[in-house]
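In what follows, subunit A forms one complex with subunit B and a second complex with subunit C.
Up next, the complex of A and B:
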C-alpha cells in the first residue's frame, strides 16, 4: 500500500460515514449524535478557514469569527428583516462574509506575524461591539431569531430544513462543496503559490509571485469558507447572535485547527470532531473539562506542533514504507 | 458636567491600573516575543487572590504584599513549564497562551465559582474634588499604580537585573556572551509580567467585579495600550493607557460606552497600519 492509497481509503471511510450517519449513528449511539455531527461539520469549516490561512499561507488569523458572524447575520437579517427566501438569505450571508473579508483583507494582509494576528482580532472586536450596540438590527445580546423559509416549494411539495434529514444532507452538501473547493484550490497552481509564500515570502516575490495578492486571495477564500460555516450555523440554530463574533470563537477555531493538524485538508475535521465529542462526553462527567482542553492544546504545541494530521502522516509513511520495502521517507 | 468629571477621573484611575498591567504585557512581548493572550487572566487571578486574602485574613492590605509574590511564583512556574518549551515554535505561542488562558479561567471557575463577587473598598470615605464627591479608594488606587510603575522603571534603569533585562532585549547573543544568564532573565521577565498584572488585579479588585471572565474584558484594552503606545515602548504604553481611558471616560458620559470602545479599536487599527511603532515613536525607549 502506498501513502496515497491509505489516504484515499481514509477519505473514503470519512465520506461513507458522513453519507450514512443519519442511519448508522442512531443504531450504535443516540439519535442526537446526528445533530452533533452536523454541528461538527459546520464548525470544522471554521477551523478549515483558519487552516487555509495558517497551514497554507502562514498567516495566523485570530479573527475568523468575524466572517462566521457576518455569515450568520447575513442569513438572519436577510430572512427576518429583508424578507429574503431561503437561498436569498443564504447567499446574502455568504456574500456579506466574503465582502467583509475582501475589505478587511486589503488592510490586514499588509501585516504579517504577530501584527497580522492582532489586526484580525481588532477587526473582529470592532464588529463584535457594533453588533452588540446596534440592537434594532442585530438584536444585540439576545440574538436575532428567524423562522425557516422553505428550501424548495413547488405546489404542495415543500422541502424545509425542519425535516432533520433534509437539514443534515443540506449541511453535508454545503460542507462537502466547501472542502471540494478547498481541495481544488490547494492542488492548483494558486495552492502551490500559497505554500511558496508560507515557506519563504522573499523568495516567492523574487521568482515573480505577487505575495500581497496571493495572501489576499487566501484571506478572501478563507473568509468565504468561514462565511458559509456561519450561514449554515445560523440556519442550523435558526438565529444569529453577537456572541459568535467574540474572539473566543476565533480562538477555539484556531485550537481545533492546530490539534487536528494544520496544512492538511481534513485535519480541521479531525480536530473539531475530537474536541466537540470530548465536550459532549466530558461536560456531564466533569464540568471543568476545559482545563483538560487547555492542557491538550499546550502539549500539542510543545510536542506535536503538526497535530493529529502530522502524527497520522508520520504513521502512514512508516507503515507504507515498511510494506513496500522502499522506506524512502520513513 | 458632574458625570463627565466623575467618568474622566475614573478613566484616569483605570488608565493607570491598565498601564501597570499593560507594562507586564509589553515587557513579555519585548523580551520573549510572545503575544500573551493569557495576560488578562493574570490580572483576573490577581483580583481573585486579593478576594481570597481579604476573605481569609480579613485584612485587604495584606493582599498587596502576598499576591504579587504568588503572581511572581506562578509566572516563573508557567515560564518554565509552558513558555520555555515553545521557544522554537514562536508562531504557535499565541495558541499556547490561549490554552493557558483556558486553564486559568477554568481553574478559577472550579475553585472560586462562577458567580461574580463584589469587594467593598477598604476605604469608604469620599472627598470633594472638582465639584464632586470622589471616592478616596480610587485616588489610592491611582497612587498605588503610579508608585508601582515608578518602582518598575527605577528597577529597569537603576538595578543590575533591570540593566540585564534591557541588555538581553537589545541583543540576546552578545548579552549571553558577556555572561548575562539570558535564560534566567527570560524567566524573571515573564514572572515579573505576571506579578505586575496580579498587582493590578489587587488594586482594581474593590472597584470592579471579581469573576473568572474579568480577564477577557480587560485584555483588548491592554493590547490597545501596548499597540498605540508602541510595541516595546514602555513609556508610550503608560501614556497611551491613561489617555485612552481618559477619553473613553469622557466619551462614555455622552454616549454608549461601546462606541468609545469601537473608537479606540479603530484608532488601534490605524496605528497598526500607519505607525506600527506607536504614536509616540521616537520618544524614550
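Up next, the complex of A and C:
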C-alpha cells in the first residue's frame, strides 16, 4: 500500500462517516451528536482558515473570529434588517467577510510574525467593540436573532433548515465545497507559491514571486473560508452575536489547528473534533477541563509540532515503507 | 552602440553613520564574466543588495539593459531577468529539490492560477527537470532540500536562479566554504554558464577570480578603486595598497 492509497482510504472513511452520520450516530451514541458533528464541521472551517494562513503561508492570525463574525452578522442583518432571503443573506455574509479580509489584509500582510499576529488581534477587537456598542444594528450583548427563510420554495414544495436533515446536509455540502476549494488551491501553482513564501520569503521574492500579493490572496481566501463558517453558524443558531468575534474564539481556532496539524488539509477537522468532543464530555464533569487542553497544546507544540496530522503522516509513511519515500501533504 | 548590461551611476548607500557604498560608478558590458573583488566591508554585497532591490538606495541610479531599475520591488527586478544567489545559502528547505526548481521556473508564467493542478504545468516541469539535470542534481530530485549536503545546496542555490531563465546572474561568493573538489566542480559550472548568460561574481578566492574573470572591478571603502582585465588589475598599485596595506614597511 502506498501513502496515497492510505490517505485516500482515510479521506473515504471521513466522507462516508460524514454522509451517514445522521443515521449512524443516533444508533451508537445519541441523536444530539448529529448537531455536535454539524458544529464541529462548521468550526473546523474556522480552524482551516487559520491553517491556510499559518500552515501554508506562515502567517499566524489571532483574528480569524472577525471574519467569522462578519459572516454571522452578514446573514443576520441581511435576513432580519434588509429583508434578504436565504441565499441573499448567506451570500451577503460571505461577501462581507471576504471584503473585510481584503481591507484588513492590505494592511496586515505588510507585517509578519508577532506584528502580524498583533495587528490581526487589533482589527478583530475594534470590530468586536463596534458590534457590541452598535445596538440598533447588531443587537449588542443580546445578539441579533432572525427567523429562518426557506432554502428553496417552489409552489408547495419547500426546503428549510428547520428540517434537521436538510440543515445537516446543507452544512455538509457547504463545508465540503470549502475543503474542495482549499484542496484545489493548495495543489495549484498558487498553493506552491504559498509554501514557498512560508519557507523563505526573501528567496521567494528573489525568484520573482510577488510575496505581498501571494500573502494577500491567502489572507482573503482564509477570510472567505472563515466567513462561510460564520454564515453557516448563524444559520445553524438562527442568530448572530458579538461574542463570536472576541479573540478567545480566534485563539481557540489556533489551538484546534495546531493540535490537528498545521499544513495538512484535514488536520483542522481532526483537531476541532477532538477538542469539541472533549469539551462536550468533560465540561460538565470538570469545570476546569481547559487546564487539560492547555497541557495537551503545550505537549503538542513541543513533541509533535505538526500535530495529529503530522503523527498520522509519520505513521502512514512507516506503514507504507520508507522505499516509497515521497514527501507530500495528507 | 550597444546598450550596457549594467550601469551603476553614482550609487550611494548610507547606513546611519556608515557609508557602505559611496558614489560608486561603473558600467559593465554584456558578453563577459565580471568579477567584483575587494577587502571585507568594501560594499560588494551591499551593492548586490541595491542592484536586486533587497535594500533601497540612498542616492544614485542603477540601470539594467538601459532601464532604470533603482528601488524597483525585488520580484519585478527578478522578472526583468536579473537573478542572484545569496552568500548565506538559502533554499526552500521544506520542499524537494524538484519542487524548489519548479516554483522558480513557474515564476516566469505567473503563480496566480488557483484552480489548475501544479503537477500539470508542462513548461515548468520541463524547465525544472532541465536545470536539475544540468546541475547534476537528478539523483537528489525527490529529496528535501533541507537534507542536501552543503555543496548540493550551493548548486541548488544556483539552480533556483537559473530556473528563472535570467539574462544576468549575480553570484555572491558561490564557492565560499567549499572543499577543493566541490570548488573545482562549481567553478567549471560557472565558466560553462558564462558562455550563455552574463555573470557577475563576488568572490574572495583571488586565484579563482583571476582564472575565470574577463573583467575585474575592485571595490574599497564603498567606492570603485579600479576596473580592468585580470592582468591590468594585478599590476595596479592602488589595488596592491588596498589589499596589502600601505607601503610603510616595504623597502
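We take it that the second predicted complex is superposed on the first by the 321 of 330 C-alpha atoms of A that agree within 3 Å, B and C clash if a C-alpha of one lies under 4 Å from a C-alpha of the other, contacts with A are read in each partner's own complex, and residues count from 1 in each chain.
The criterion applied here is as follows: a residue touches a chain if its C-beta (ideal position, glycine included) is under 8 Å from a C-beta of that chain, and two chains touch if they have at least 3 such contacts.
The shown structure was predicted, so the numbers you read here are calculated from the model rather than taken from an experiment.
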{"item": "Partner with the higher number of touched subunit A residues, subunit C or subunit B", "value": "B"}
{"item": "Partner chain(s) touched by A:118 [first = subunit B, second = subunit C, both, neither]", "value": "first"}
{"item": "Touched partner set for A:211, first subunit B, second subunit C, both or neither", "value": "second"}
{"item": "Touching partner for A:200 - first (subunit B), second (subunit C), both, neither", "value": "second"}
{"item": "Contacts of A:301 with subunit B and subunit C, given as first, second, both or neither", "value": "first"}
{"item": "Partner chain in contact with A:170 - subunit B first, subunit C second, else both or neither", "value": "neither"}
{"item": "Subunit B versus subunit C as contact partner of A:73, first or second or both or neither", "value": "neither"}
{"item": "Touched partner set for A:254, first subunit B, second subunit C, both or neither", "value": "first"}
{"item": "First, second, both or neither for A:188, with subunit B first and subunit C second", "value": "second"}
{"item": "Partner subunit A, residues of subunit B touching it in the complex", "value": "29, 33, 35, 37, 82, 85-86, 89, 91-96, 98-103, 105-107, 109-110, 216, 220, 223, 227, 256, 258-259, 261-262, 265-266, 268-269, 272-273, 276"}
{"item": "Residue numbers on subunit A that touch subunit B, as the complex places them", "value": "54, 58, 60, 62, 107, 110-111, 113-115, 117-119, 121-123, 125-126, 129-130, 132-133, 247-248, 251, 254-255, 258, 287-288, 290-291, 293-298, 301-302, 305"}
{"item": "In the complex with subunit C, residue positions of subunit A that touch it", "value": "184-185, 187-193, 195-196, 198-200, 202-211, 213-214, 217, 221, 325-327"}
{"item": "Footprint of subunit A on subunit C - complex, ascending", "value": "52, 54, 73-75, 78-79, 83-84, 86, 90-96, 99, 102-104, 106-119, 121, 124, 142, 144, 160-161, 163-164"}
